[in-house]
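What follows is a pair of complexes built around chain A, which joins chain B in one and chain C in the other.
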Partner chain A sequence: MKRLILSMAALLLLITSIRGQQGLAVHGDFEINSQFYNPDSIIDAKQPPQKIAANIYGYITLRYNNFTAGLRYETYQNALLGYDQRYNGQGIAHRFIQYADTFVTVTLGNFYEQFGNGLVLRTYENRALGFDNALDGARLLLHPAPGIYLKALIGHQRYYWTDGPGVVRGVDGEININQALNIDWKTGITLGGSFVSRFQSDDNPVYILPQNVAAFAGRLNINRGFFNLNAEYAYKINDPSADNFYIYKDGSALYVSMSYASRGLGIILSANRYDNFSFRSDRNATGNDLLINSLPTIVPTHAYALENIYPYAVQPQGEMGISGEIFYRFRRKSLLGGRYGTLISLNFIRINNIDKTPRFDGTGYASRFLVPGKDIFYQEMGLKLEKKFSPHFKLKAKYVNLVYNKDFVQGLVGYGTVWANIGIIDLTWKINSHHALRSELQTLQSHQDLGNWIMGFVEYSISPHWYFTIMEQYNYNNTHINQPVNYYTGAITYVQGGTRLSIGYGRQREGIVCVGGVCRNVPASNGLIFNFSTTF
Partner chain B sequence: MKKFVLLTTLILSILSFSLAQQNTFTLPSVTLRTLDGKTINTADLLQDSTPVIIDFWATWCKPCIIELNTLNDLYPDWQDETGVKIIAISVDEPRTMNRVAPFVSARGWEFEILLDPDGQFKRAMNVVNIPHSFLIAPDGHIVWQHSGFAPGDEELMYQEIQKLAKQSNE
Partner chain C sequence: MRRILILALAFALSFLWACDIVEKPYTQEINQCGHDNLSVPIRKVLVEDYTGHKCGNCPRAHELLYSLVEQYCDHIIPVSIHVGYFATPSNGLYKDDFRTPAGNTYNDFFGVDAAGLPRGMVNRTEYNGTLLLSPSAWAGAISQEVNRPVSVEVQVKNTYDSTSRNGQTTIQVSFLQQLQGSFSLTVWIVEDSIIAAQKNYYTDPQDIPDYVHRNVLRKSVTDPWGETIFDGQTAINQLITRTYSFSIDTSWADSHCYIVAFVSDKETKQVYQADREKIAK
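This part shows the complex of A and B:
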C-alpha cells in the first residue's frame, strides 16, 4: 500500500518533469454532502452528538499521453446518518495508475470492472448508497483485433478503510463476430465468457469449507434489424456462506432480455432466475459488504418519490421473475397524437421466490428450475402517458398498481405484504426562454403499513443558474402511528458550468434507497442540508 | 500520517504547477458500446471536424429526458447551421441497459446513443451528477460544460456551439 502510493507519487513527479508545455491534462471532481441535524420527536429524528455530518470526496486524475494516474480522497466527519459509520475518518480511498492504448490497457491500484451483465463480477462506486467495492490489485485488458477483447484481473476488495480477506481472480473475453471477421451480416452476434474465482482460507474449526470458489458465466447477444436478444447464464460451485446459512449447494443465475425497437414502438421482455447466487470475497460478510457480483433486477429504477417508498431489492438467494414493457408513440397530427405526438407505455412485472424442497444432506434444498415458488415478492402494473400540448406545456401522467412483500424484500418480520395504488401527474410549463415551472402531484393509497401519502412538488427554474424547489409529503392513515405527518423541504440550487451548489431545509422521511440489490436505510431527519459538487 | 501529509503536499504542488500551464485535453480512451452490441473507443468520437456535444443521461433521470427531448426537436436546425454532432452517453446500469434502445426509438431521438454501463467514461470525465453536457472542439478541448438541465439551457448551449463553429470556420 505505502509502496504503491510512493511509486504513484514518483510517477506523478516523473510525468511533471518530462512533459513539455503541453500534453498534461489535470481533471477532477469534488463533492460535499452535509447536513445539520435537528432533533424532531414527531418523526423520531435523532440529533447526533456532533450535530453536523459530512461526506466529502475529492477525485483528481492526471493524464499524459497514454498514462493516467488518479486518486480519490474521502473524509467523513462523521458519515451522514444512514451511511455506515465504519466510514468515519479520512484517507486516500482510491488510487491507481494506468497505461492505455488501442491494443492494451494496464491498471495498477484500485479499479472498477464489470464482466457482462455483472452476474459474476461487478465492482462500482455509488455514493448515494455509500457503496464502493473497488478491487485493489492489477488488471490487464487486451484488444487484439476489432470486436475482440480479453480481460484479466486480480485483487482484494475495498472494505471501508481496509481490504477484504478474500482474493478475487477473474478473466473475461468477448467477441463480436461481425466486427472481428469484418463481415456485413444482417445478424450481429456477440459471444462472451467469464471465469471468477475467490480464495479465502478455511478458518472454521468445525466445517471443511471450500477455499477456492469458482463462478463461470457465458453470454450471448444477437441483434437483427429491430430485434435484440441479450442472455447470460452463470454457475457457481458450492460456497457455504452467511448469506445461504452455510449450505453446500451450487448456485445458478439466468438473465434474459429481449427487445424490439423501431421508430415509435419499443418492446422489452425480460426474465430472470437467481438461485443461491450471492458472491462475496468474504463468506462471512453480510449487508452490502464485499459483494463481488451484482445481479441485475428486472425492476427498472423509479424516478418519482412515492414510487420509491417501496423499492425492490434483488434477492440473490432465490427469485424468479418476468417483466414486459411497451412504448408506443402516436404520430404527430394523428387523432391521439395531436400536434406533437403522444407517448404511452404499459408495463408489467412479477417476481416470485423459487421453488424449494428442504433437504437434510447439507445442500439445504432442491429446486425445480422452471417452477416458481408460491410467494410473490413483487408485482407492478403501470400505465404512463407523455404529451406535449404546445412548445411551452408538457404533461406526464402515470398510474401504478403495486404488490410488495415487505418482509421478504427488506428482510423484516411482521410487516407482511403491501398493496398500493400510485397516481402521478407531472407538468412542465416553459414560461419564457429562461423561466420554467415544473410541478408534480403524487399520491400513494394503501391500507397496509405506512398508509396513504399525498405529495406536491414545485420547481421554478431560471436558466442557466437557479432552481427553487418546494416539496411537501403528507402521510395519513399510517398503521404504525396515530397522527398524520407532514414532511416538508425547500431548496435553492445554483449551477455555474460544471459546479452545483444547493442549500435546503426540511424533514426527510425514513425509508430505504435501493439500486439493484444494494440498499441503504435512510433514517428520518430534520435539518439543514448543504451539497456542493464541481467538475474541473 | 506523516507520509500522508507529505503525499498531499506533493500532489497539491504538482497540481498547482500543472494548472498554471495550458491545459490541453483529449478525450480519455475508454471503450463504450453501441446499441447493436459493437464496441467503440471514445478516441473515435472526434473523427469529424465538427463540434461535438457529449451528454450523459439515463432512462431513470427526469431532467435528462426533458433535455434530450428538447435537443431532439432542435437538432435538425442545429446540424444544418453548425454541423454539431450530439452523442448521448447512457450510464444505465445492466438492469436498465436493455431498455435504452426501445426507450430511445419510441421517442424518435435522432442522435447517436452509446452505452457506458459500468460508468468508466462518466468517471473519466469526472461527472458527478447527470445530466451533464460537454461541448468538445474538433481538437479535443472541452470548450464548455454544464451540469443539470433547466428549460432554456439549450439556448446557452447553442450560443456556445455557434461560437465554436464560427471559430472553426475562420
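This part shows the complex of A and C:
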C-alpha cells in the first residue's frame, strides 16, 4: 500500500510539473480479460464460488525529453482459472523511471532485460502465461563507442505481489566488430559475453550452499549475404536447488541456430543441449516462479489449435535436440509455381533426454556431452504447402507427424508417449476488398491419451472493424472419457484503431499452453468470455 | 580516455562479483543426536513428506529427509503421506494403495497435489512465507523449528497384544507455558520400511520393485484434524491425558508400526510438539 501511494504521488507530481509543456508523450495500454464460468460436468469444468474472474492491466508511460516514467496497475478479481491464484488482489505491479541519451540509459525501478539469447538472463512479461519476472532495482546501459554496448544491472525479481529473496547481479558486453573497427567487411561479426550472479543466503544447517551462484555465457553472431549463424554457450557453477534436488553438478547450455535464405530457398537449422541449467533467484522456487533465465526452444511456435494440444516445454534439467526446416518458393509462372507461386516446406525436430549415469557423490549424475539419452521427449516431422490460386483464393495445407512424451514433458506419470498425425487445411477466400472468409479444417489422430480430434473453424471478417468466428472441436476415442465431447466456441470481435473488443461463448478444452519452458495449465471451462484492450 | 576507463571499470566489476564454488563434502555435521547437552524435554518436529509411489522425483526428497534424520535423530518425526495422482494404484507394479482418508483430507485442505509433489510441511508452520515447502527448503525450516523453545510436551506410551492385534495408546500432554488457543491432539498409525514399488527418475531402470518406503501414514486414529483437548488459556504444567484404542491391520507389519501423536493449534493447524513410540517393544 505504501508503495502504491508513493508511486501514485510520484506520477502525479511528474504530471503536474510538466503539464502543458511541449514534447510530452503519453503512451500505454489497458486490457481486460474476463470470464463468466458455468459448471459443466461433461468436461469437468468447475464454477468458482465468485463465478466471474478477471485479469485487468493498465500501463502508462510518460516521456518528456530524455526522461521516461511508467507504471502498470494490475488487478485480479480473482485471477482467471488456470492463473496462479497468488495474483489475487491489486496494486502497482511495475513502476520505473528512466533517463536515456545516445551514450547512457539509466533505469530505476522495474525493468525487463535480456542478455544474448536469454541463456543466463531474460526478464519479461507474458500475460497469456501469467508470467512476469521483472527485476526491481537499477540498470545501466552504456554505448561508449560505435558498435560497443555495455549493460550492468542489479535487483530482486517480482514474486506475485512481493520480491523474491535472491539478488540478481549481471553485466553484459557486446561488440559489433565491423562497426567498432569501422571496417567494411562483407562478413558481419558480433561478439558478446555475460556474467550473472545470484546471491541468496545459506539458511540450511546441513548443506553447505553456495550463496553466490554465477553463470556466464559467450556468444557469436556471423552473417554474410544470405547466411546467418548465432551461437551461445553458457556455464553455471554449482547451484543445488529444488529443481535439481540439491545436486552440486555444474550446469551448461548450448544453443546454435543457422539460417540461409536466398530468393527461393530457405534453410533453418538449430541445435541445443541443456544440462542442469534452470536458474532462479530463489533456490527453493519451483514452477514458473523467479526464473532468471529463459532457455530458447528449438520448436517453432505452432499456429494451429490442434498442433497445440501437445505443446513442447523446454526441459532445463536436460535435453538435447536438433531442428531443421527447408522451404522452397516455386516462382510464378514456373511448372509448380503456377500463376501465383507455391511454397513447399519440410521440417524435422527431434529432442531427446541427455545421457545420464547416476553418481552418488552429491553431483547427481555424469553426462557425456555428445551422447543423447535414450528417452525421446519430442519429435516432429512436417510438410507444409502454401498456394494462391487466384487473387481471391489462398490455400495452406499442412501435415505433421508427432511423437510426444507426455510424462517427461509435462512431468506426469501414466500417460506415456503419444503418437499423433495431424492434418490441416486453411483456406482464405477474399470476397472483395472488405469481406473475407477464412476457414480451417483440422484433424489429429492418435491411439493414445485424448484420442482423435476433428476441428472446424470459420472466420468472417469485414475489414477493418468486424470479425465473426465459430469453432468446433470434436474429441472422440478419448482413453480418459467414455463419450465423445464437443467443444464449441463463438466470438464477435470489434476493432477500431488500437482498440479491440471481443465477446465469446463456449467450451474450452483442458490443456497446457507453453512458451519456451514456461507453461500454464488451462482448466476445462464453460462460459462467457469478455476481452477488451486498447493502446494509446 | 574516459571511454576506456568506463570499459575497464565495467570489466573489473564483473570479476568482483563472488562465485562460491563448494567442494566436497557438501554437508556439515550438526549432530543433534543424544540429549546430553540439550535441555529436556527436547523439541520434536513433525515433518510431513507428501509423496507418491509413481512420483519419480520423490525418492530424492526421501534421501534429503533421511539425511536430515541422521543429523537430528529423534528431533525429527518423519511421516510419508501418499496423496494425489502420483499415489493412485494401477495394474502391475504399482498396485498398492498407500493413500488414506486422513491423507486425502490434508491433501485437499493444503492443496499439496495441486502444488506438485514432492512437497512437505515442517510442523505445518510457514518458512520464509511458504507453508508447502519444496524439499530443498526442509532443512532450513527444520532448523527454524528445532531451535524454538518447547512449549508443549507430548509423550506416547503403548500397550499391544500381538495375537488380537489390538492395542491402547496413552498420550500425556503437558503445557510448559501459559498458552492461549484451541488445542487439538492428533494420533496416527505409521508403518516403517514397507517394501513396495517406487518410481525413481534418478536410477536406471526407473521402476524399483523393492523400494523401502519409510514411515508411511497408515491411519489416523483420531479425526484427521484431531480431538480438541483444550480451549482457552492453559496453566503452566497443566496435564491432559487421553487414551485411544487401535487395531493393526493384518497386512501391516506390527513390529514396524509406530504411534505418532502431535498437538496442534486447531485454527492455524500449526504443530507445537510431536512424539512417537513403537507399538510393540
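What we mean here is this: the second predicted complex is superposed on the first by the 517 of 536 C-alpha atoms of A that agree within 3 Å, B and C clash if a C-alpha of one lies under 4 Å from a C-alpha of the other, contacts with A are read in each partner's own complex, and residues count from 1 in each chain.
By our rule, contacts are C-beta pairs under 8 Å (C-beta built on N, C-alpha and C of every residue); 3 or more make two chains touch, one makes a residue touch a chain.
Given the structure is predicted, the values throughout are model-derived calculations rather than measurements.
Visitor: Could you tell me whether chain B and chain C fit or clash when both sit on chain A in the superposition?
Guide: When both complexes are placed onto chain A, chain B and chain C end up side by side without any clash.
Visitor: Please work out whether A:361 is in contact with chain B alone, chain C alone, both, or neither, and reply first, second, both or neither.
Guide: In the superposed model, A:361 contacts chain C only, not chain B.
Visitor: Taking the superposition on A as described, I'd like to know which of chain B and chain C A:101 touches: first, second, both or neither.
Guide: first
Visitor: Return first, second, both or neither, reflecting whether A:68 touches chain B, chain C, both chains, or no partner chain.
Guide: After superposition on chain A, A:68 lies in contact with chain B alone.
Visitor: Would you sort A:261 into first (chain B), second (chain C), both or neither based on which partner it touches?
Guide: A:261 sits against chain B, while chain C stays out of touch.
Visitor: How wide is the angle at chain A between chain B and chain C, using CA centres, rounded to the nearest 10°?
Guide: 150
Visitor: Mind working out whether A:393 is in touch with chain B, chain C, both or neither, as first, second, both or neither?
Guide: In the superposed model, A:393 contacts neither chain B nor chain C.
Visitor: Who wins on chain A residues touched, chain B or chain C?
Guide: B
Visitor: Considering the aligned complexes, could you tell me the closest Cα pair distance between chain B and chain C in angstrom?
Guide: Value for chain B versus chain C, nearest C-alpha atoms: 19 Å.
Visitor: Per the contact definition, I'd like the list of chain A residues that touch chain B in the complex.
Guide: It is residues 2, 5-6, 9, 12-13, 16, 21-29, 31, 59-63, 66, 68, 71, 73, 91-92, 100-102, 105, 112-114, 117-118, 122, 124, 143, 146-147, 149, 176, 178-179, 188, 190, 221, 223, 226, 228, 230, 257, 259-268, 270, 294, 296-303, 325, 327-329, 341, 343, 345, 394, 426, 428, 430, 433-436, 461-464, 466-467, 493, 495, 497-500, 515-516, 533-536 of chain A that touch chain B.
Visitor: Applying the document's contact rule, which stretches of chain C touch chain A when the two form their complex?
Guide: Residues of chain C touching chain A: 3, 6-7, 10-11, 13-14, 17-22, 24-28, 30, 54-57, 60-61, 64, 67-68, 71, 85-86, 90, 116, 128, 130, 133-137, 139-140, 142-143, 199, 202-204.
Visitor: Spell out the residues on chain A that touch chain C in their complex, using ranges where they run on.
Guide: Interface residues on the chain A side: 142, 144-145, 148, 150, 152, 165, 169, 171, 173, 195, 197, 199, 203-214, 237-238, 240-242, 245-246, 248, 283-287, 358, 361-362, 364-365, 411-414.
Visitor: Mind listing the chain B positions that touch chain A in their complex?
Guide: It comes out as residues 3-4, 7-8, 10-11, 14-15, 17-19, 21-26, 28-29, 31, 35-39, 41, 43, 58-62, 66, 93-99, 101-108, 117-120, 123-129, 132, 144-148, 150-153, 155-156.
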